[in-house]
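Structures are listed in the sections that come next.
Both complexes below contain chain A, partnered by chain B and then by chain C.
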Partner chain A sequence: MNGLTFHRKIEENTGLLIFGILFVSAIGGLVQLLPVLTQESLETASANTRPYSAVELTGRDIYMRENCVVCHSQQIRPLVAEVERYGPYSRAGEFVYDRPFLWGSKRTGPDLHRIGGKYSDDWHRLHLLDPRAVVPNSIMPAYPWLEERQASETGNITNKLTVLRRLGHPYTDEQIANAEADLEGLTEMDALIVYLQMLGTGFSEEDAAMEGGSH
Partner chain B sequence: MANLPSGFWAGWIVVVTLVSLAAVLWLVWSIYFGRDLHEESEVEPVWDETLAEGHNPPPLWWFWLLFGSMIFSLIYLIFFPGLGSNPGLLNWSQGQQVASSQDRFEASFSDARAAVVDMDLLQIQGDANLMATAERIYQRECAVCHGPEGRGQANLFPNLQDAEWQWGGTPAQIEQTLRGGRRANMIAWQSILSAEVIDDVSGYVMTLHEGGDENHPGKPFYEQNCAACHGVDGAGNEMLGASRLSDDIWLYGGDFDTIRETLLYGRTGEMPAFGERLDDFQIKLLVALLAR
Partner chain C sequence: MEAAENKIYQDKIVIRLIQFSVVWAVLAISAGVYIAAELVWPTLDFGQYWLSYGRLRPVHTNGVIFGFGVSALMATGFYSVQRTSHVPLFAPRLAWFVCYAWQLIVLLGALSLLAGWNTTKEYAELEWPFDIAIAIVWICFGVVFFGTIAQRKIKPIYISNWFYGALIIVIAMLHVVNSLALPVSIDKSYSAYAGAQDAVVQWWYGHNAVGFLLTGGFLGMVYYFLPKIANRPIWSYRLSVVAFWAFVYAYIWAGPHHLHYNAIPEWVQSLGVIMSVILLAPSWATLVNGVMTVSTAWEKLRTDPALKFIVLSLAFYGLATFEGPMMAIRSVNVVSHFTDWTVGHVHSGALGWNAMITYGTFYFLVPRLAGRELYSTRLANIHFWLAFAGTMLYIIAMWAAGVSQGLLWLSIDGLGELSFDFKDIMASMTPYYLLRLIAGLVFLLGTVLMAYNLFMTLKGQRAVKVAPPAVDPAYGVNA
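What follows is the complex of A and B.
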């Protein structure tokens, strides 16, 4: 079969053409993605990283619902300027319990991956209710309704934890049994602040030292 | 090189990468320099009397562009990690890259920074450049709570320009506050004192800046419950972060309702710790700025 008839055959047979296009465009993924799925070092949690508690998980869901990820990234890149500004750059092991991850790709506001512990709870509350009250030139919208809704309204937390456990997150029976009680009396604002205050605390100096820069 | 793929998948990457590179090379080569396929094939179909496919070859500079980028990718794969577990000739890694640029950063600035850490506060305060740097650090790290001018905000974050310091205003105390953070612990009195007593004490606290009303009904309760931290005369206690009540400077507000609210529900104002976030140089500059 010479080149032209082969070419003609592909052009005249839609099924073959579709298969050919899919195959060629899959090659990048076969090289870049498939091997990574099996790489253990990317699935191992950093020493200080643990699954999200019921309250943190609820806060994370609120973070997703309000689409914070559109303006705030959660990934500090390995560049000196970023490390100086935000802290140690993000490691793969810190994200093993993120489903889905919230790395984001746009920084209209600052990166939030090491925000935990930087500001007090009072500051976060005030800032979410009225950003201009503490940062006069902020363009962030206000989120007053977070204070009015109960954290338990955001979905069935017991089911969420059960599903995540099935996916391999090591929740204990006790954590799942107490999940609803943990949310009792908390507003969505409280849950979101708890989540923000734990962001980036999964980083472990020891793991980073072991990496020894060969990464 | 713990994070480079190994075993089967390393081989998989090498094979798929090289085979597809070779296939693309063959494809591009054959299009430009293969046999003239049209001569061998049957007659080209012609539609509507004159409509036929053209035989113009694609421009040659496209070929050089494609060929050049394939040569580039080969050179790249030789020098950088790309082929499975092969680290490449340069032994490059992202972590090493940031570590080495951090070293360069250190080498350029560490001596100057160390010199500032050893400098006298007065010397730093007299240096306009250093104070401008300190101001920038303040604006970046502190201004969101304490305000761009350091005058406090929102009746939650203390004014840093006035004479009152919750936790002390000496350079050593300011440095301790910056490094370790502070957490105020004014307890909620609503379960301990009755509402009337809380009203009385609130009223008495309002008289403290004039020396305290001797005959006020809240006085005995104040002395019994509050004086341990805030002092009999309301002088406060910097060791505990207990506010001075005998002046007219108020963090949360000095009107009756706010003082009553403070007593009822307590206050747990928090200054986060910056010892991990800032280095010695930055903390020294902030202390110089704040202790002015």
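What follows is the complex of A and C.
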């Protein structure tokens, strides 16, 4: 049986065609995804990386809701210019508590992976309320409604931490019990700023030294 | 037996899906134009959360891909699978369910995005209730499509059906695997994958949603409608066989080129580069097949606007499928990644290839379905030039913007210091963003002209009743 007569069989059989497509298209995915999904080093946290606190997680969910990720990456590539501009390049171990990842694919604005601690809380507040007050040529939108909403309105924080614990994030019973109290009195703006200020702080010099310290 | 032979093709559903597709095209491209304007005048959201760039952007992409694109693929898939099988649609009621349920998903999905329900996974932003609904409707789509093929009166399964079939099967696989998540509430879930692993899964999905929906699905359109419109058989059936399997095998590997120099294993990136470059072969094999098919029918280009659109779409298909592998090479990607070059690349595909092949197909189909001539060939010709000009302006603006961004960001002076401040580079983009806005408006204007033209063609008409022709005994199922 030569190739063409074999193919004629597929061409004339619906079931074979469906199976053939499924089989052939699955190969690449299996070879790439299975090793990555079972690679332990990709699931091992960097020394200073810990699960998000109730307030940070709420801030992160607001970051997702407003879709900041379509204009801001959180991924510093190991290139001289990027490290100079943004700080130490991003390590896989810094993202093990990121569900989903927020690396982004577009920098209309700058990378934010190591934005934490670079500006004051007041700067962020002013910038989010009126970007052009602090960056004259900015094309970023303003987010006035964040001041008007309470962080507790963003979603059920107790449920969120419980779900994340089920997914393997090491939250204690105490953290979960106190989660609602942690958000009390905070606006969405406060929570978002807390999140921005912790971004990139999961990296430590020890991690760099462990890698061989060539940088 | 005789009664079954005389059944007529289900074409009302084709008309309805074309109408939905055109409506989504107008709405989703308008959303795109609006967010393009926001990048020039950032206060255009008037402090309203639902007009904010971040919330409107996925409405634009979801509207174009799942509203306009998928409705067009369902319409043309249903039309061509009946003609190539010589039977009416299997389970027509289920087909109508697929048609309306899909529109409801896109509509409610868009509203949920405006409300801030957002997984942030690109092109998979809709939250888990929608993911489940999509999976169910998609499986029903598969049942109608493959059910029709299973009942066919013609022994061979024509090549266009393989591409539509691959669209249905592979998108189902990608969607289910990438959407796995644990729900927190109706509007929120957390991904089953974290960090680097999530990134690899997401771009396996993201790249292949482009591959099997925007490339593969629309190649199904090419393989049926191009030979029909040109009135020539496909140039090489054997080449299409080889190109199909090479395409299905190779495309799936290319996802990691979206994550070059990111925190994922290097071997995954390298594999992504190699397979992306290899992908050029099956992509261009189809291009050659398409161009050779029209090559003896060039004179029809002067008179037939449908063929003009389709031939131009092949040119942009060739451009985009060449540019893609080039951008997947790490030394090119280091400049292009995170810039507007990527946006330009996507639009040379989405406007130049997907929209144009669809527009051409609609200009061919709607008069046939309505049983009368196109309302205005002149308007269609004007539309052609608007679409061409809009697409060219768009990608030129984004090339210029993207290449400048990429090079200026990486530029380092003689003392080893960064040459430019990020803010200054961003501010220098305004002229390009303005040009892109104009390009979008020009393209939108053309699309509105088409909507009017097709509306006038269909107005007051009912779907022409077409019965399957007699089957040549040499190709019959019992042959």
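Here, the second predicted complex is superposed on the first by the 211 of 215 C-alpha atoms of A that agree within 3 Å, B and C clash if a C-alpha of one lies under 4 Å from a C-alpha of the other, contacts with A are read in each partner's own complex, and residues count from 1 in each chain.
Just so it is clear, a residue touches a chain if its C-beta (ideal position, glycine included) is under 8 Å from a C-beta of that chain, and two chains touch if they have at least 3 such contacts.
Because the structure is a prediction, the values reported are computed rather than measured.
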Practice prompt. Consider chain A as the common anchor and indicate whether chain B and chain C clash or fit when overlaid.
Written response: fit
Practice prompt. Using centres of C-alpha atoms, tell me the angle at chain A that chain B and chain C span after the overlay, to the nearest 10°.
Written response: 110
Item to complete: Please indicate which partner A:A133 is in contact with in the superposed arrangement: first for chain B, second for chain C, both, or neither.
Response: first
Practice prompt. Based on the superposed arrangement, let me know which partner A:L79 touches: chain B (first), chain C (second), both, or neither?
Written response: both
Discussion item. Quick one: is A:P144 in contact with chain B, with chain C, with both, or with neither? Answer first, second, both or neither.
Written reply: second
Worksheet item: When the two structures are overlaid on chain A, which partner does A:A47 contact: first (chain B), second (chain C), both, or neither?
Response: neither
Discussion item. Once chain A of both complexes is superposed, is A:L167 in touch with chain B (first), chain C (second), both, or neither?
Written reply: second
Discussion item. Output check: A:Y97 vs chain B and chain C. Expected answer is one of first, second, both, neither. What do you get?
Written reply: second
Discussion item. As a test of reading the superposition: which chain, chain B or chain C, is in touch with more residues of chain A?
Written reply: C
Practice prompt. Rounded to the nearest Å, state the minimum C-alpha distance from chain B to chain C in the superposed three-chain model.
Written response: 5
Worksheet item: For chain A, which residues lie in the overlap of the chain B contacts and the chain C contacts?
Response: 4, 27, 31, 35-36, 39, 42, 78-80, 84, 135
Worksheet entry | Residues on chain A engaged by chain C in the complex (per definition of touch) | 4, 7-8, 11-12, 14, 17-18, 21-22, 24-29, 31-33, 35-37, 39, 42-43, 61, 64-71, 73, 75, 77-82, 84-85, 90-92, 94-110, 131-132, 135, 137-145, 155-156, 159-160, 163-164, 166-167
Worksheet item: What residues of chain B sit close enough to touch chain A in their complex?
Response: 1-3, 5, 9-10, 12-13, 16-17, 20, 30, 34, 37-38, 40-41, 93-99, 101-102, 105, 144-145, 148, 153-154, 156-157, 269-273, 277
Worksheet item: Can you list the chain A residues touching chain B in their complex?
Response: 2-5, 27, 30-31, 34-36, 38-39, 41-42, 78-80, 83-84, 87, 89, 117-123, 126-127, 133-136, 211-215
Practice prompt. Under the touch definition given earlier, write down the residues of chain C that touch chain A in their complex.
Written response: 38-40, 42-43, 45, 47, 49, 52-55, 57-58, 116-122, 146, 149-150, 155-157, 162, 165-166, 169-170, 173, 177, 182-185, 187-188, 190-202, 204, 212, 238, 241, 245, 248-253, 255-256, 258-265, 268, 271, 275, 334, 337-340, 342-343, 405, 409-412, 417-418, 422-424, 426-427
